[in-house]
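In the two complexes below, chain A is the common chain; its partner is chain B in one and chain C in the other.
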Partner chain A sequence: MAASPSGNAKNRELSLPTSRIRTIMKSSPNVENIGQDSLLLVTKATELFIQHLSRQALKQVEGKAEHIDYKHLAEVVQTNKKLDFLKGKYLC
Partner chain B sequence: MAERPEDLNLPNAAVMRLVKEALPEGIAVGKEARNALAKAASVFILYLTSLSNNLAIKNNRKTINGQDVINALEDGEFQQFVGPLKDALDAFKKGKKEKKDAQAKRKSLKEDKRKSDSFAEEVVNEEDDIMEIVEES
Partner chain C sequence: MADDEDLTLPRASINKMIKEILPNIRVANESRELILNCCTEFIHLISSEANDICNQQSKKTINAEHVLQALDRLGFGDYRADAEAVLKDCKAVAAKRRMQSTRLENLGIPEEELLRQQQELFAKAREEQAAAEQQQWAQLQAAAQLMSSMQQQHASEEGDEEDYS
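What follows is the complex of A and B.
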């Protein structure tokens, strides 16, 4: 997706492939149709989520190390209620 | 159609690019952490989809729309995403409109060219007719 002079270029570009995200969404039970707007929003939300999770993990190491490990992510999941949906789903 | 396992995962490179953008330079991310982040993203998609779909169904719709996703994020306590998402949606729609306008413009230019080309052809044919008349006389 080409950047355009008007508007925030970052807002127009997506880092994640929408086709893959669509596949994942369709694998969810009972999903029938996915509107184009919703595909865009889920893609963008996922990008924001990845960055949010990364920054939360960073807080776990700040001042102590310069290396984010699995345990830091595990700690973030344990201590954030809104991340309950991730509990028990980790695979590494 | 059965999905292969890799189809339900996001490309690692794309995930890592996002991770790097969020972190200051010099912070390394271990292999297990990288995998966990990618996996978490996939689970998030399923979670968000499920919440959004439930809202669509509640409203007797079979299509998940943008508002379903926004409401689902608020329900899931991800309100902080809503602002940037609305901006992204606006920018996307604007880009779409610009593309549509550009296409329409190209189409009308093409039409104009076609008209002027066929006009030029008529002129050439008329000239041929005139030449014949001149030669005969």
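What follows is the complex of A and C.
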């Protein structure tokens, strides 16, 4: 299987378990019925999110450190406007 | 039963994905844990937004369009293309499976005709099997004959060997 994350075949398979994602979605207040299509979209979006966070974290350490620490991710959240929703949840 | 907070994605899946993006970098456990929790928050974020959109449209079930709009609204519009591609692919796979399972029913051939075709196929298979067996038998006979003639030749040669002991 191709190691490149941007390869076409790899992009079209899902790595995360949709059943677990459905459970998490349903634990959101007020969410009731979730169509199968939406579930697939949210699953893929979450995968892209993980990739996004990882790549951003890599940028934080490039040329500076050999490993990614908690603080690098904290910095990613601080500097990315669309990650504002994460502030105050798990980060000081 | 797990609390809401404990409801996270499997660590193994997350670790695998991180490894694919960052194969040569060590990622501290706390960082992985953080990414794990951020995912849960992300899912809640998208779900809530999609749910709001769904309600605004007076629909009962969150559909694909609601999710896509939610992504746009929350600044994750760049995820649209890949997400839609996956959806398209999954639908294609599912449709193909459905088509394969109902193909016989949809052919429009009446049952008696199907039965007749089946009998024909069986008869043909029996013929082919018989022909194959006959050929095999002929080959065995030929091989047996060859063996026995070789043995005879060997036996006549044996007589000469005794002079060499």
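Quick note on the criterion: the second predicted complex is superposed on the first by the 80 of 92 C-alpha atoms of A that agree within 3 Å, B and C clash if a C-alpha of one lies under 4 Å from a C-alpha of the other, contacts with A are read in each partner's own complex, and residues count from 1 in each chain.
To be clear about the criterion, a residue touches a chain if its C-beta (ideal position, glycine included) is under 8 Å from a C-beta of that chain, and two chains touch if they have at least 3 such contacts.
Just so it is clear, the model here is predicted, and its values are computed rather than measured.
K.L.:
Please tell me, clash or fit, for chain B and chain C sharing chain A in the overlay.
P.N.:
Aligned on chain A, chain C clashes with chain B.
K.L.:
For A:28, using the defined touch cut-off, is the partner it touches chain B, chain C, both, or neither? Pick first, second, both or neither.
P.N.:
Both partners.
K.L.:
Just to be sure I read the superposition right, which of the two partners does A:82 touch: chain B = first, chain C = second, or both, or neither?
P.N.:
So A:82 meets both chain B and chain C here.
K.L.:
One more residue to check, A:58. First (chain B), second (chain C), both or neither?
P.N.:
both
K.L.:
Check whether A:70 is in contact with chain B, with chain C, with both or with neither, and answer first, second, both or neither.
P.N.:
After superposition on chain A, A:70 lies in contact with both partners, chain B and chain C.
K.L.:
If the two structures are placed on top of each other, which part of chain C overlaps chain B: 38-46, 128-136 or 146-154?
P.N.:
Looking at 38-46, 128-136 or 146-154, the stretch of chain C that collides with chain B is 38-46.
K.L.:
Counting contacts the way the document defines them, which residues of chain A are shared by the two interfaces, the one with chain B and the one with chain C?
P.N.:
11-12, 15-17, 20-21, 23-25, 27-35, 37-38, 40-42, 44-51, 53-55, 57-58, 61, 66-70, 72-74, 81-82, 85-86, 89-91
K.L.:
Would you mind writing out the residues of chain A in touch with chain B in their complex?
P.N.:
4, 6-8, 11-12, 15-17, 20-21, 23-25, 27-35, 37-38, 40-42, 44-55, 57-58, 61, 66-70, 72-74, 81-82, 85-86, 89-92
K.L.:
Can you list the residues on chain A that touch chain C in the complex?
P.N.:
Answer in residue numbers: 3, 5, 11-12, 14-17, 20-21, 23-25, 27-35, 37-38, 40-51, 53-55, 57-58, 61, 66-70, 72-74, 77, 81-82, 85-86, 89-91.
K.L.:
Quick check on the complex: what are the chain B residues that touch chain A?
P.N.:
3, 7-8, 10-11, 14-15, 17-19, 21-24, 26-30, 32-33, 35-37, 39-50, 52-53, 57, 62-66, 68-70, 73, 76-78, 80-81, 84-85, 87-92, 94-95, 98
K.L.:
Touching chain A in the complex: which residues of chain C?
P.N.:
So the residues of chain C touching chain A come out as 4, 7-10, 13-14, 16-18, 20-23, 25-28, 30-31, 34-35, 37-48, 50-51, 60-64, 66-68, 71, 74-76, 79, 82-87, 89-91.
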